[in-house]
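Once you scroll down, you'll see the structures, which are given as structure tokens.
Two complexes follow with chain A in common, the first pairing it with chain B and the second with chain C.
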Partner chain A sequence: MRKKWLVLLVLAAFVMTGLTFSGCKKPEYIKIGIIGPMQFLQGRHHWLGAQMAEEDINAAGGVKIGDKTYLVKCIQIDTNEILSVDDAANAVERAITVDNVDFLVGAFRSEATLAMQDIAMDYKKIFVVCGASHTELSNRVASDYERYKYWFRVTPENVSYLVKDSLILLTYVAGIVREELGIQVPKVAVVIEQAVAGDPLAAAANALIPTMGMQVVGTWRPSPTATDVTAELTAIRDSGAHIIYTYFSAASGVPYARQWGELEIPACSVGINVEAQSMGFIDATGGYGNYELTLNTLAPGCAQTDKTIEFYNKFVERSGEYPTYNAGTYDAIWILTQAVERAGTLDPDAIVVEMEKTDYQGAAGRIVFDQRHDVTWGPGFVTAIGTQWQNGELKCVWPYEWLLPGMTEPLTYPGTVKYQIPPWVLEAYGG
Partner chain B sequence: MLGNLLVSTLMSASVYAMLAVGFSLTFGVARIINLAHTAFYMVASYIIFTATMKMGLPLYVGVVAAVSLVVLLAMVTYKVLVDPMREHETTVLILTIGVALVLQELMFLWFGGYFRSVPTAVEGFTTLLGVRVSYQYVLTICVLIVTLALVWLLLMKTRLGLAIRATAQDREIANVMGMSDSRTATITVGIAAALAAIAGAIVAPLFIIEPRIWLSPLTVVLAISVLGGLGSLKGSILGAVIIALSENLVVFLVPQGAFFKGAFSLLIMIVVLLIRPEGLYGVAFEEER
Partner chain C sequence: MRRYLAYLWREFRGEILVLPGRTILFSATAILLILPLLYPHPYLLRILALTFIFAIFAASWDLLSGFVGQLNLGHAIFFGVAAYASAILNLRLGLPIIITIPVGAVAAVVAGLVVGIPCLRLKGQYLSLATLAFPVILMGLVFMFTEFTGGELGVSGLTRLAPTRLHEYYISAFVGVLSILAIWKITDSKLGLVLHAIREDEVAARASGINTSQYKLIAFCLSGLFAGIAGGLYAHFMRIAGPQSLSMLTSFQAIIWTIFGGIATIYGAVVGVFVLFPMLEVLRVAPEIRLLLYAAIIVLVLRFMPEGLAPWVVDRLERECPRCKEHNAFTRRECRVCGTPLRVPLQKTPVSGEHMSGGEGLSASQEGG
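For the complex of A and B:
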């Protein structure tokens, strides 16, 4: 008798459990693989930007596809791409086949991104890059649209635009050198690390700088892994350069800035130094990184759009770090989910059509994709900004009264201050 | 230009020699090519970073902690992992590179891939032959001279030094004479690790700290040691000067090929080895035990 009761009790429990679960509607997710080198700043910023987007989108009610609502679920995929391209390719394959992600967002190193792009295209997965700048990635869209149409880039601008921006930044500094130091034809030392992305920059610098009223006194190509550039800096000092035009995408940017500041090399430093975009730069350079000027995407207090300051402050509050361009995952996920809603389906071909219609005010500017699925460059769309470390604080210094042909008013983003020539340079040239 | 070249070479050579001396000592006595040597330098840098930047302790406390902990780590690693395998040279090579990689991954785990920095002991710069030299470089040169003097005194004027030299010359005979070669080797590994840690304290403020900083110096240290003759201290110094001179020649004469300086210095090493396979101060292979 007791046994019979026990069996009945167990059966009742099963029935109750079944009823309980059938009453709960299980949420459905859109899974987005956030791919990046998670042990490094770049991957960490990919992930932080993505998490912020996930929270904001889900708090706003999720993504509506027809009459169904989906929540966004970001899945962290460590590509280890800074150390190994193979690891990156394997990680993306795993994200697609094991984690079953619907979309891929992130990536940093161009070489690894090229490999990951092919895998994503094999599976027709929409892949939005927030980190790699090489033009080959978007050239592939132009040359084989049917295969590569699933690829888009939100940050940074492609390397051609970066060259353009950095040369405009150089012109801006040269103007101040002429004005404050009275040097009409500034001498420029070109220091570009030996990396794939540096080659077009070196060629463009040598070809264009002489046409911009400046004189190139030499080109130095240190290794991207160089830990000591004192010999290069000594030679630059000897060359009589007034300005050093730089490109450092990796570690060597830190010892460069440190030794430049510590040895008080009498030349303004301007160009691209990716490490100078991070909050830890001043500490990493032992405080000698002041006055380093680099192309950047975002800066404290600088409002490229209405969304910039809110996003920036939220990111800093949450992470204790300044967002780099890798945090563009925030905008990328918003763009992606809005395209999904407009398409009303998870079919990648339909979403690509909607992605191509994107016109979105992001944190770093207005994002409209061009035919190669790169962001459109220019005032009113996306331009980079110039940031300089002044008294241990990162300041936006460009665009500052920037006037292009066809513009009626000069462009200065709110929160921008004037570039400062390092005091030892002023002293050296009697400014 | 000559002044620039001389001063720049002196600066680079002092940094390289600082790292190479300990490595050479380990090979000279224990006959171990310790590929984890520069990883100990990396660990020391992180200990100093933690003590000074995270815990706010004075630099000298960080240096003392780094030297003590790295010596302990090196001696335990040697005793537990390397000593039992000492006769199998290839195994030891793989084992020490394994130790270095484990240490690198641990640093990635604890500190991430961020670039860190430790404070300089002295700030500012001076001018030497018209070239600006930071005081930290001047300190590096001074510490190198003092370190070399101390190592020389230890080797030449103490009973321990006698044991080390005897073991280096003939391990079996030293054993027969009552000197434990295992104990001597352990102590030598400890001294070498202390030198790596001092290098970490002196050199790290000049550069940056991240978990892979051991790899590039390892190539240079290997090149210097092979060039100077494996196990020879004076060979290490001369090797450091030659490698530094070759690198600086590239930077000053072919600035567009500055990235090639590492490869060029290795090319110089190969040329020297073709002429003198045992290195500048090394023992000819056929004469080795």
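For the complex of A and C:
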């Protein structure tokens, strides 16, 4: 008898559970494939930025399309693109045809991104890049709009703007050198690592710097894997350079900065040093990396927009790392979902129309797409920033009272401090 | 017609069905050619098309390094030269695929001569190091003439191999099967015998009147031709020819696939690609440890199957006749050609004074003389 009751009880429990679950509405999802080299820092930051966007959007009620509400679901797609282009292309096709993602966000290496772009366009999937900087990607939109219109770039600025920004940063430092050291025509040593991307930069620097009221005293091309750049730095000291214009995309940026500080080379260092963007830079240089100035995207305490500091702090809290431009997936997903809401459909053609109307205050600036679906560069839109290590802390030092023709007010982001000339340089030139 | 069909069936039964290894290869090829019609999933077809392309590439390495013993560590040069040549011809001159891929393959043959001539007098590790240098030199040229080669970014926006994925797959599959059969046939021909002799003992081959330099150059050119076909197909399939096609990773992939599958067999190289390349896709289920698992599987297979996966499987499915050296299915008791017993009972320990009788206690080789 007791057994019978037990059976009935279990049956009743099953029926109740079934009824409860049948009453629940299954949530519907917009699937976003986050593509990147997930075993590397770039991919990790793609993913972290995307996860933060997913949580924030879902917490705010999801994405409304007509009467329906969708939740955002990010799917991690490891493209392994740093090592293999085939792997990246395979991963993207798998994401589209097996995981059935609605959109693609991320990518880092330009060569692989071109291959992935073609696949995404074959399937008319909206693909928002947050990492690859080459202009060829956006040129394709201009040359064949109907095919490539589904492609957009949120970060970084394309490579030609990066060169422009780094030269503007050089002009800014040259102005301070003129003002504080009284040197009217500063001498510039160009130090560009032996990387492919460095070749046009070296050519541009040699051609443009003399037209900017400076004098080039020589060009040095250390190896990207150099562990010692004493020879180059000694030659620079002998050349009488007041400023070193740098480009280091690889690990050699660490020995360069360490030896520059250790040898107290009497020249301000300014340009691009990717290693100087990371949190562990000061430790890696044994503390000698102070005063190194590099182009960057975000910095602690620097508010390009109202959203920057909140995003920055949240990212650092979650990952223990400073966010790189790859974390722009956060803004990209917000932009994408808002365009979907405005379009009121998941039809890619309708979403493209809305994406083109984007005017969004993101963490790194105001994002508006140009005709090539590239992020618009300039004051009031997105620019890079200049960050300098001061007393072991990363500070934003540029834009600082930056005034371009046509601007009514000079631009300084809140939280920006003034650039500091290294004390040994001041001492050397009696500043 | 009926007689012709009966003849075909007889040949098929006598040449293919008679050996498990050949039956498996035939069945796999048949499945690969029919499956896409039943399940034309674009991702599956993509992986299989690339697998066919890489199978040609791996088999071409096996031809040069496995059969002729010219250990080439820079095989990517042939692949890359053809990929770039096809890409530049297609993009800059607007030539169609039917021209760009063959011309790319010819460019790879020329690359074979360029690599082969200076390497004729080199052997062993010196040859390997010299071959390793060529893709590096070419990579330098790619970065020097960026207006033609696109530099770091490569040449992109090429014409698709075919308008649909199914067509792309069948082009890759047919070219793949034909190329692999051609390589197999070469190794089985008189030329193959000479190449084999050069690998075994070059001095002896020369002493027998073989112009080894000429044959080695032929091997470099043939290997270049097939690697070039793969390179051209790859460039149009991916719609990009970039520096990666010349990278060391590309060269080493061919070596890994071939050694994993079984070197100096051709079919081993093909099996290696068909196991390892799709396996890398299957391992996407565990992205964090994907490459680790991949490496671990290769190490384990090579630890327990040192001659490679395919020869290990064939050794278990087939038996070589000790007399005529023909292969037989493991189920056979006697050789299908000469009738020599293949399964001989264990030799009994002779009891003192007892004479061994007949052939029962003899090993097959003793019996066969």
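Observations
One rule holds for everything that comes next: the second predicted complex is superposed on the first by the 397 of 431 C-alpha atoms of A that agree within 3 Å, B and C clash if a C-alpha of one lies under 4 Å from a C-alpha of the other, contacts with A are read in each partner's own complex, and residues count from 1 in each chain.
In the analysis below, a residue touches a chain if its C-beta (ideal position, glycine included) is under 8 Å from a C-beta of that chain, and two chains touch if they have at least 3 such contacts.
A quick note: this is a predicted structure, and the numbers were derived from the prediction, not measured.
When the two structures are aligned on the shared chain, A:39 is found in touch with chain B and with chain C.
In the superposition on chain A, no contact is made by A:59 with either chain B or chain C.
When both complexes are overlaid on chain A, the residue A:85 reaches chain C alone and has no touch with chain B. Using the contact criterion defined above for the overlaid structures, shared-chain residue A:93 touches chain C, although it does not reach chain B. Between chain B and chain C, B touches the greater number of residues of chain A. Contact with chain C, but none with chain B, is seen for A:111 once the two complexes are overlaid on the shared chain.
Of the two partner chains placed by superposition, only chain B is touched by A:232; chain C is not. 39, 83 are the residues of chain A that lie in the contact sets of both chain B and chain C, per the superposition on chain A.
Per the touch definition, chain A reaches chain C in the complex via residues 38-39, 76, 78, 80, 83-87, 89-91, 93-94, 97-98, 110-111, 114-115, 118, 134, 136, 140, 196-197, 199. Remark: chain A residues 37, 39-41, 44, 82-83, 193-194, 218-228, 230-232, 234-235, 237-238, 251, 254-255, 258-259, 262-265, 275, 280, 283-286 touch chain B in the complex. Listing the residues of chain B that touch chain A in their complex gives 1, 4, 7-8, 11-12, 15, 53, 108, 112-117, 119-120, 123-125, 131-132, 134, 137, 205-208, 210, 212-213, 216, 247-248, 251-252, 255-259, 261-262. Partner chain A is touched in their complex by these residues of chain C: 41-43, 46-47, 50, 143, 146, 151-154, 156-157, 238-240, 242-244, 249, 280-281, 284, 287-288, 290-291.
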